[in-house]
Amino acid sequence: MTETFAYLWHHRGGRIGLICLTFMVSVAVFAPVLAPYGPNEQLSGSELMGMSAEHWFGTDLLGRDILSRTIYASRVSLTAGALAVLLGAVIGTFIGLVAGTLGGWADSSLMRLSDSISAFPAILLGAAIVAILGPGFLQVAVAIAIAQSPLFARLARAIAMSEARLEYIEAAESMGASKARIIFRHILPNAAGPLVVQASLSVGIAILMESGLSFLGLGVQPPTPSWGQMLSDSLRFLDFVPVYAVVPGAALTIVLVGINLVADALRDKLDPQSKQKAGS
Amino acid sequence: MTAFFQVENLRVGFRSFRGRKQVVDGVSFTVAAGEKLGVVGESGSGKSVTMLASMGLLGSSAIIKADKIELRGRDMRGASGRQWAQVLGNEISMVFQNPMTSLNPSMRIGEQISEPIEVHSPATPRADLQATAERMLNEVSIPNPALRVSQYPHEFSGGMRQRAVIGMALSNAPAIVVADEPTTALDVTVQAQIVSLMGDLSTQRDLALILITHDLGLVAESVDRVMIMYAGRVVEETPVANLFDSPAHPYTRALLESRPATGARRGRLNAIPGFPPTSADAVSGCPFHPRCAFSKDREICRTTRPALTEVAEGQRAACHFTDEVLATPVGATVQSEKTEKRAISQDVVLNLEGVRKSFGAVNALNGVDLQIHRGETLGIAGESGCGKSTLARVAMGLVAPTEGRVRIMDTDLAGLEGRALRAARRNVQMVFQDPTSSLDRRMTIRSIIAEPMVIAKWKKADIARRTDELMAQVGLGAQFLDAYPSEMSGGQRQRVGIARALALEPDVVIFDEPTSALDVSIQAQIVNLLDDLRAKTNAGYAFIAHDLGVLRHVSDRVAIMYLGRIVEIGDVDEVFEDPRHPYTRALLDSAPVDHPDLRRDDAFKVEGAPPDPANIPSGCAFRTRCPIATEKCAQTVPALVALSQGNHRAACHYADDTERLAQLTDGPKAPAVPG
Amino acid sequence: MLRYIFRRVLQAALVVFIVSVVVFLMLHMVPGSVVTVLAGTDPSPEMVEALTKRFGLDQPLPIQYGRWFLGAIQGDLGTSPISGRPVTELILSRLGFTIMLAGAAIVIASVIGIAVGTVAAIRQNTWVDTTITAVNSLVLSVPNFWFGILFILFFSVSLGWLPSGGFRGFDRAGFGALAYLVMPAIALSMDSAAMIARLVRASLLDELSRDYVTVARAKGVRARRLLLRHVARNAAMPVLTVLGLRFGQMLGGAVLIESVFNWPGLGRLTVEAIETRDVVVVQGALLYFVVIYMAINLLVDISYGWFNPRVRAAVGGRV
Amino acid sequence: AETLIFGQTATLPTLDPYNLSPAHEPINNTLYDALTRYDDQLVPQPRLAESWEFSEDGTALTLNLREGVTFHNGRAFTSQDVANTVEHVLDPANGALIQSFAKRITSVETPDDMTVVLNFEAPFPGVFDLLELMYIADVEASGDFSQTGIGTGPFALASHASGTATNLQRNADYWDGAPTLDGIEIMTVPNQQATLLALRSGDIDMVTELGYIDLVPFTRDGSFVTGDAPSGVAHDITINSRSAPLDNVAVREAIDLAIDRDRIARLLFGEFGQTLCLPFTEESLAYVAAQDDCRYDLDEAKTVLEGAGVELPLSLRMLTSTEVRTEYTTIAEIMQADLAKIGINLEIENVDAVTYRRRYVQEQDFDLASHAYGRAGKDPSSLLETTVVFKPEGNVSGFSDASYAEAVTQGGSTPDNDARRAAYAGASEFLRDSHHVLSLVSRPRLWVTSEDIEGVSFSADGFAIFQNATKAD
């Protein structure tokens, strides 16, 4: 763990990423200390103010401080991203490992299922799932998790299949190890590197997706602020508080820069072979 | 002889984020017109880097310094890419180890072969290029060149690809060819073909040839002069004959002694202790001194780097004690006693009857009958793809045979499932070819070795006791218990694999090419270890190997396989000395000789490569490559029958027809009956 | 080859079938139905009942699905209760826009991406490479739709150079119609361009480190020829895959960009249909997405063969 | 070649004028005509009916139809079309929004081509509300009129692409004189922001249904004309009074007292905002000034709540849907902040439009709901008799009161205006005292056009009328 951090710190991109990410995570954790106002504090009479000393980035229609809301919104994005990826990774990895190890019928049906999910454009899939579950933090996380699970399934399957070709799996089989032992004791630990890399990349995708769903009005419930919903809100007030359209977007970008750089650095460390497949 | 290519005091280092690593340290060599120079050394000794650096082919991370790089009188030090481009492919060209990766997969063979001409004389008309490509293919003996030029690399077999690569290197008539392990990736029979092809061509064209190899046999077979490299330096340079008779450097000598020979069965191999240094500057003084049998910890070896000094005509060595080395006859350092032969019991521990296995259209095994007795070692040889590994897998119950029966001790694997099958499997264990991929890289050595016992639900204390025992048995120190495989060398990993296989005291242990990924010196350690184990345990062993020398060294009996069948089986000395199947003959004759004096022109070198296992010829599968095949061979599958004398069986209609077999040496080489 | 395609198509058909069943069930799990929409704000129970019956929603699910399925295999995807128009017609009316936007975006992304990536690879480890890599990382992290918003703020609101959204067809605006395409296409292409640049760089460098490149240099081949004749084709594979997948995703509707720029694409149609519980339209659109997804994947695989004779043989070998 | 481009966020799926969704507003009086139309004093004016007369007892209305009117397909308009329209509206399977109100028509007679008689069970003074919205379409024409849009209106359909654009072209044969504009394009823009940007960049000419904040920048910009029109829509908070603690009138009163109607009106509609305590605007027959007496007083609210005998803090759920109207949620958020101060934790459930309707209308699954109702500006009868919020039986709030029901029936079936006023006063009193439905603010229709557009007018429901609109070049 510390070794990984040390590595990231000495990696050119990794260090910048780590700084961005640490910054935003601290912002999320210390939101109550950092934010000058409560996220939902309505200051009657200070509605739609531009930048000022009291409100660095102005206020919204209800007189809420945009900076404070942006700060608090980091909590939604970061936790939704992390939660969604955790869920998606667990489901997807399990499916992928089982499919890749068992092969045959189980493999093709599980993979057709995962194909079916990937065939949906992610945001639309999210919209459909949110339509079923109703909007809300957990629901959105679940929707994103489902949309992400094929990525993990495919990756885990590919790893399981390539690991299965390695002789140590055969060795384990010859010792009389059961399938379950092979999957969980051997393949899973060896898949961990690439999966962690995928997960770190996925957190970025998940956060992006959360903000997209919120932008479409399918995200967390008001009054809880989220960046996507703030961005869509901001467009109405371009004339009054133009900076409103910039602040949440910038915060979102900082998080994504952080995550992507850290993920790239992790990939260099944990999964060097896949470097050239950076596109997938 | 004029120096064609001369390099003096070449030093190469690499920049990396960990700092600088010196890889080649002061190498000098010259090659004269028409001369064949061999460059020998263990993996990582800097052979490839030396040649690539001398040819301006190293990337930007290399720091290259030299006092002289002169190619046909032209000074190439600090030459630009453009200047090198004018020389490369024109005056000097290269053949690499791996024929698949050295061909561009998406370009037609013909284009690639004629490319040196195209880039050096851009005005050459297309038709001429095509014609040259065809001519080259013809010259490297690829049939039907007109068709072949327009094919892609994947449509060629490994041997054909390497021929094409050689054709490519020669197409623009260079004066020097550098061949970097050109046959390592090939089967023995094909290797023999390529070696003789290169020899013929270089003689015909009066080429200077630099042959990089780790195989002393190849050197014995084909070069005039040898340069031995160790840790980025030249430790000895000598005419080839002296190398085998009077090596002047302890390392050269150790290499020779660690090598099992095909010709005769010898005593214990002389394993070189320790491992080569990781870089040229990692060891002070003589880089070999920590492993040297002559150094005896003498001060000078540790502190002073020996210079290359002349010890005989044309022979130079970099050792402080060459006199001492030369005074000791070769083989004297070897412990001559071989482990005493074990009592082979009549107990059959593994019994295969009529086993067939097909993967779709591929018939990997076509009816194999085989017994292994308790206490014996059965060697199995055969070219790549003939079904050796499949046989091993079937024997272990990892794959079910399509037909036939597998019995381990008294248990028939057929019909067993789940837990029962898993339990039965434990009586057969395997040691794999690749010591890296056969160990789970995320487990400590302790848990790797303990795993079979954990699965067999042993008690903790028993596991710990047995683990220590096994570590000692395979000669690994306890300090490795908590290490990960990545922290060990190939030979050490292979020991771990062996320890794991022995953990449950199986009745049968199958070694699937356990040494082919290892350097000779390490290979000797493993072979010796096997000798010891055979003495101490009473399992039945099956040993699969490409290297006939190793096989002869370890086996009590050998089986020769061809296309999923056993074609000859019997007592090891008998089979090696009196092979009765033409294929066995081909294998033995294809193996490189043990000494330059044994070079001969009449060796039986079989043509072509084995047919596709998805498309096995009727009758005797070998008939398409067999010079003495007849109509009968095409019609009837020869049975594996006992020969008139000896403890020996062969599957050839003419196994007892010694006259006919004698034709193999001088008779016609083309198959008598077309395929 | 044909057999291979046939097998892939069969697989795709299977996926389509699974998807259609799943979607059907899913949309029936969604609370509320199209009747809720049609019955208006002050519905009477009799109206709800009458409408339910009119659209066959009172039938058991398997029958409803069966009807849709029978129609679908005859090419009739049904009629949207909300708009009263055949689903095929609705989808076709948006398809042109979607293809136009996705096509423009993928062209921009590949041109920029390949150019920039190649420059970075050739100038590996120089400041040019470092700058490109840094910009790439940044661009990859900026959400497309925020790019869109910033573009609008800048080019439409502040400078007034380009229309902020919507689309006037070529029939009405002539080449002026292109002005409507510029911003959404660029915004949509940004992250793909960065990703492709990155990938082009990585796969060029990867190819350049291979043995055959050293061999080619040992033949006297110089940089330019090396890149064009030897490396480009082999490096194209991963790039092509990603391009294909990206194009597929874009054809699946870029909902966010579509809503920022008011682009009448399929993504929006689908979102609206989900909102109004217009099951047949959602089914139809998803059918389209799956077909596109599968078709692109198939095309990518087939075009591999063009770039890599080995795959061509593997694919062709299954005949 | 003057085409007015009208932008709206709502998707116009069909051209069915009885759907009456916000998306239909620009087409209704454009493709279609009704028999009568209110002027700005809410006096019905002749359209397709030239004159009309109630029977003595008020249970029949005879309308004399206009001669020489033709549908867009060239067919002449007759009394049979009125009968067909009524029949179509009454069929529940057609989902006409006015269906429940239209049920007061018991039968239709067509004594001749140009005369039509509507019969009612009881006098129906509010019938012109119905006629205003009962657009005459060629319901019998071949092809689905909801796709072909065949009416008698000033513009005829040129093309209709649901969700993108609908093009209308001038009806040169219009009975009331051909309109000036060549055509109208109704463009669907996915969100308010995009609409405003498009308006600013000149891609569209006119937008209605704006928030005040959206309007402000345009009021300062000389190249745009802004204005408001009544829309008949008003925002309310519906309280589900079926179960504890909201069955407790004191709790409801406390909530009423905690609503800052002025702030809501100001934030949503600026100077156009008009707060409401009663369901009706001041112009309405049912308006009673004395009862327009709600206050924002958090201290009193707190006192009332503390005296209500419920355990504090209360947790309540408020249903809203940004997808239906952004203001729903804004109001919810404002209330959330205020209610927190008196000890009520409001959880906002912001759902999509369909779920909103299902939970609001069908399942009544909410504690409080942010809502808006139409028809507030016209005759009280349709409002009180048919809307889900106020109808005496089966309303969403779950109240039922005999005197209220009586008052509503009385007010709606008496021709005499004073008698109606008296009856409705009783209804108002009940609504004020029981706090089931808290009216908040009437919703003006705020609109912007580019400066070259003139002559657009609005019906009493705030539907745009383009008959006399012009666009300068």
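Order of writing sets the chain letters: A, B, C and D. Residues in each chain are counted from 1.
Keep this in mind: a contact is a pair of C-beta atoms (placed from the backbone, for glycine too) under 8 Å apart; a residue touches a chain by one contact, two chains touch by 3 or more.
Model, not experiment: these values are computed from the prediction.
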item: B-C or A-C - the one linked by more C-beta pairs in contact; value: A-C
item: Centroid spacing, where centroids are CA-atom means, of chain A and chain C in whole angstrom; value: 21
item: Computed distance of Cα centres, chain C from chain B, in Å; value: 51
item: Euclidean distance of C-alpha centroids - chain A vs chain B, Å; value: 49
item: Separation of mean Cα positions, chain D and chain A [Å, integer]; value: 43
item: Numbers and ranges of chain C residues touching at least 2 other chains; value: 31, 157, 259, 275
item: Residue numbers of chain D (touch at least two other chains); value: 191, 197, 323, 352, 355
item: Numbers and ranges of chain A residues touching at least 2 other chains; value: 131, 134, 235, 238
item: Contact pairs between chains, per stated definition; value: A-B, A-C, A-D, B-C, C-D
item: In the complex with chain C, residue positions of chain A that touch it; value: 13, 112-113, 115-116, 118-121, 123-124, 127-128, 131-132, 134, 204, 208, 211-212, 215-216, 231, 235, 238, 242, 245-246, 249, 252-253, 256-257, 259-261, 264, 275-280
item: Chain C - residues contacting chain B, complex; value: 125, 209-212, 214-223, 225, 229-230, 233-234, 307-310, 313
item: Touch list for chain A against partner chain B, complex; value: 166-168, 170-178, 181, 186, 189-190, 192
item: Contacting residues of chain C [partner chain D, same complex]; value: 31-33, 36-44, 46-51, 53-54, 80, 82-85, 90, 93-94, 152, 156-157, 160, 163-166, 168, 258-262, 264, 268-269, 272, 275-277
item: Complex contact set, residues of chain B against chain C; value: 52, 55, 57, 59-60, 81-82, 84-90, 93-94, 96, 98, 101-107, 115-116, 119-120, 152-155, 165, 168, 172
